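Encoded as structure tokens, here's the structure I'll be asking about.
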Amino acid sequence: MNNYRKLEGLIAAPFTPMNPDGSLRLSAVEPYADLLAGSGVRGVFICGTTGESASLTVSERQAVAEAWVAAARGRLKVIVHVGSNCAADAICLARHAGQCGADAIGAMAPYFFKPQSAAELVAWFTPIANSCPLPFYYYNMPSMSGVSVPVAEFLALGGKAMPTLAGVKFTHNNLMEMSQCLMLDGGRYEVLHGYDEILLCGLSLGATAAVGSTYNYAAPVYNRLIEEFRAGNIAAAAELQRYSVRIVEVIVRHGGGVRGGKAIMRLMGVDCGSCRLPLAPFTDEEYALLKRELEAIDFFDRVR
Amino acid sequence: MNNYRKLEGLIAAPFTPMNPDGSLRLSAVEPYADLLAGSGVRGVFICGTTGESASLTVSERQAVAEAWVAAARGRLKVIVHVGSNCAADAICLARHAGQCGADAIGAMAPYFFKPQSAAELVAWFTPIANSCPLPFYYYNMPSMSGVSVPVAEFLALGGKAMPTLAGVKFTHNNLMEMSQCLMLDGGRYEVLHGYDEILLCGLSLGATAAVGSTYNYAAPVYNRLIEEFRAGNIAAAAELQRYSVRIVEVIVRHGGGVRGGKAIMRLMGVDCGSCRLPLAPFTDEEYALLKRELEAIDFFDRVR
Amino acid sequence: MNNYRKLEGLIAAPFTPMNPDGSLRLSAVEPYADLLAGSGVRGVFICGTTGESASLTVSERQAVAEAWVAAARGRLKVIVHVGSNCAADAICLARHAGQCGADAIGAMAPYFFKPQSAAELVAWFTPIANSCPLPFYYYNMPSMSGVSVPVAEFLALGGKAMPTLAGVKFTHNNLMEMSQCLMLDGGRYEVLHGYDEILLCGLSLGATAAVGSTYNYAAPVYNRLIEEFRAGNIAAAAELQRYSVRIVEVIVRHGGGVRGGKAIMRLMGVDCGSCRLPLAPFTDEEYALLKRELEAIDFFDRVR
Amino acid sequence: MNNYRKLEGLIAAPFTPMNPDGSLRLSAVEPYADLLAGSGVRGVFICGTTGESASLTVSERQAVAEAWVAAARGRLKVIVHVGSNCAADAICLARHAGQCGADAIGAMAPYFFKPQSAAELVAWFTPIANSCPLPFYYYNMPSMSGVSVPVAEFLALGGKAMPTLAGVKFTHNNLMEMSQCLMLDGGRYEVLHGYDEILLCGLSLGATAAVGSTYNYAAPVYNRLIEEFRAGNIAAAAELQRYSVRIVEVIVRHGGGVRGGKAIMRLMGVDCGSCRLPLAPFTDEEYALLKRELEAIDFFDRVR
């Protein structure tokens, strides 16, 4: 990890493109990467929540990782989510990520049998992180995983057991805890902000990189927000954040950031298809409604 | 399903035997089946929660299923849990169960993206159940899955979409809902009682079969309970139930029914090893302590 | 407490009668007591959840207690719920209950600042229970209070600090815990079953008394259930329990046991009015609908 | 409300001073108000969570309100929390606040019977708010009340029914929702930030006033934070926020902001005593430990 550079700026959490029959549509990855690179995104966190990793087989996850590494071509850092309830599968995915040219790996906690303490979580992740030389990010997301372990304590303990532990993708509303992670050990660990709709809060507290699903289609809005923040124009940044809230209100009406967001990609010119079950398919009528709702907030002009 | 006979009596939810290095120890399945058949158990519900299905790869789950079918030899009905967050994996497992000689399949709800309604749950299960001719049981367990769909409504809707829908493994404390399931459509659906420590409640309400992890090692206690119940000796049955509570108190002190229960199997002569992570390994000291605690409640005499 | 006799059979949890303007309608208590005594109810647990104690002032609660003591005339035991988030108010109510002729008191845990352990709960209740010579019942209801303290541990600890501790009103789905309470110290503590729709489960496990809101208007159904249970006719008892489920399904459609149940009282001839806010008022249209739904399950004939 | 000025800056949520026997110690209110006014606090939100309103009788709450109005002498705005599960008590307290010279009222949602929608919450608050001419703030705190109603929807509906509805004390981690409230109707409603440890986030999103318990003893830290924020020195503000996190870490180790914070007041020279049950009393040993922990983070120098 000596030469590993910290992540900076916006990291998109890509949707996994699928054909109408539900199979992978890997041909969409190349134009998808073009879109992201062109919109100021700096990296991709693939096969996470937004990428429907839980709905993919292990071999599909490997195929998606290879497609992104090929399409990134140095324009985008590629972080591969390797989390699984099955440690053997997670290790298999971590090794594959290390071999296929990815830049880093991440993993959420197991969410069937749930670790109850930082020590248990470190015990879980150690063989996974140590199976691959890439930097490792813990993907903290209690709302989905049901695992609520004190993150700063996890990082402090984990740093001793996992030399590659680089930081945390922090997808949780507890921003005091985010501050604790940022403070830890003189800022040793990266804290990737994980809630797009409050990015400004994360920046204020000191985060410098962010992973999210709306960066797939609205990165220019957020990059302007970051610029205004850096220029000290907080009121202008807050105004852009409020616009991001308007976008999120639309996707929430369409099933949330995964289902509603994936549908937006077709409207952006990169058809990713519908989600797999248990997320319901998107109909043509709903696409039309979604488009009208986005037009009503001037979406297609503002995300350029 | 024409000739399928309803499940009756005790169905054990077997632990998956593992070697000290964590690999499968399939050689233990044959003596395990002997133990169960000899103790009055009528069937096995394999690779469920107790069987650590979430910690197994797909191919390991298939290997376990084959081992149990081979060992059962008609002495035990074999129900294979095929649930997964990934529909493709669940379908693969269901087909395999149909081909390898199992008697029925079961599946819990997906627990990453969570169905929010009975209709969504039916949509999820339909392609899985319909991929195999075996009877299908919905494994309802909100405490682990986080999916709380009205079960009677699910059965009513699901019976139309899935001709093989046989019933529900009901692992939930809401016994009014269990009554509703038993009442539905003139008793069309089987309701497999799922909490061993309150089996008497399920029997009282009308359940006639039960799936659980303590039936692996304490079936004789429960079979006596069932006999007393059938003879109208409820007070005697309640006394046996209270003894089962004593057993459960011991396993709760050792991490619960999966971790603590699995350790008991070694003390019963069928070494199933430790659980996989994230459940912590069992040490020799803890085995010794567990043994003393069980002796203190006269366990080894009473479960004969 | 020397001569205190354990509670037996059905204890109704009365609704607090109110006028159309929301004020107390204490004149209804006398005919209400007549109805209950005539239907085989053995006692009343007043000003609990069903009695809307949280919506009453302290002086109103005292007035309701006095009215029930006056109306009971030895026909019904009167247990007064004195729980409050304010210990001073609870002590005031407990002393008043002791002075006005009640038979026992009960109290739920404080539910704003929530005790986190059995020891904290004992510390909370001790000054309240000890302020009055009457038997004291802990009203355990985690679904409403958010307080989940191990009840058997509470009883074991509490029995040392509170000489009047008589037992627990157990309104929780964890029936293993109910068994633990029944087993404790040779059956020293009374366990008042608290979920009407699964009364048969409680009886099976050994409970001999029950407190509930549907006993206000359907006691004859439950008394027949108890008779069948005692006669060893469990299947007949289960059939009656299923009928009770049908009743509960109706009240759930009308806002639950407090709001929907209170409306039934008018249809039974004892008008208790609507609930106070935040429970919504009952309109004439809804009364008519409720009546039709009850008639559809033959309610008025079966509860005689 | 014509001449009512919006709240600005720091509003302390005072502890209710108590004698060693638990009775009110109203003589402490005058020096308490001096301390607050001298430390740059602009107002007080009394008898809320921190003020242990749930543990006080109605008449005690009135006495506390009168003491604060008398001590404030125009130096501090006085907002009186009048929330209660009993609407009659809340109305009584609201009227009293209006008559005794308070500046505004606030109320949390009822938390025994819980409103399920914005409409139900508006129905609940309307008679309370309309019983008094003072501005009314909804105290939104789902973590304690268990009431999670969409706040912006509540404000939009509530503004029509309650002419005095001034805004919301927003004590919740959902900062997207806070943005929605700030955006509503052109910024018509005040949003009082309610989590001290992330004040900088609230400021960034546009909040201009904040209510909290640590402002009782650490207001100078937060006022410097606000100054740095206004000067565009976000990194310096973040550093001060991190110091506030250090303070909160100490009080969390001593039972949280109410119990641990109240103990700090004695160390600041305004002895407020211990909390009432169910919060455990503070011993001399714990005071000494608390003092050492605060000294270890240089607390007494930094809060001057």
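Lettered A, B, C and D in written order, each chain numbered from 1.
As a convention for this text, a residue touches a chain if its C-beta (ideal position, glycine included) is under 8 Å from a C-beta of that chain, and two chains touch if they have at least 3 such contacts.
A quick note: this is a predicted structure, and the numbers were derived from the prediction, not measured.
Asks: Please decide if copies chain B and chain C contact each other with the same set of residue positions, more than half shared, or with different positions, and reply same or different.
Replies: Because over half of the interface numbers appear in both copies, chain C and chain B meet with the same residues.
Asks: Could you work out which chain's C-alpha centre is the most distant one from the centre of chain B?
Replies: Checked the centroid distances; the maximum from chain B is D.
Asks: With chain centres defined as C-alpha means, what is the inter-centre distance between chain B and chain D in Å?
Replies: 50
Asks: From the mean C-alpha coordinate of chain A to that of chain B, what's the distance rounded to whole Å?
Replies: 36
Asks: Taking the complex as given, what residues does chain D use to touch chain C?
Replies: Per the stated touch rule, the residues are 49, 52, 54-58, 60, 85-89, 110-115, 120-121, 123-124, 127, 144, 146, 258, 276-280.
Asks: Mind listing the chain A positions that touch chain D in their complex?
Replies: Going through chain A, the ones touching chain D are 173-176, 179-180, 182-183, 195, 197-198, 200-201, 203-206, 229, 232, 234-235, 237-238, 241-242, 245, 248-249.
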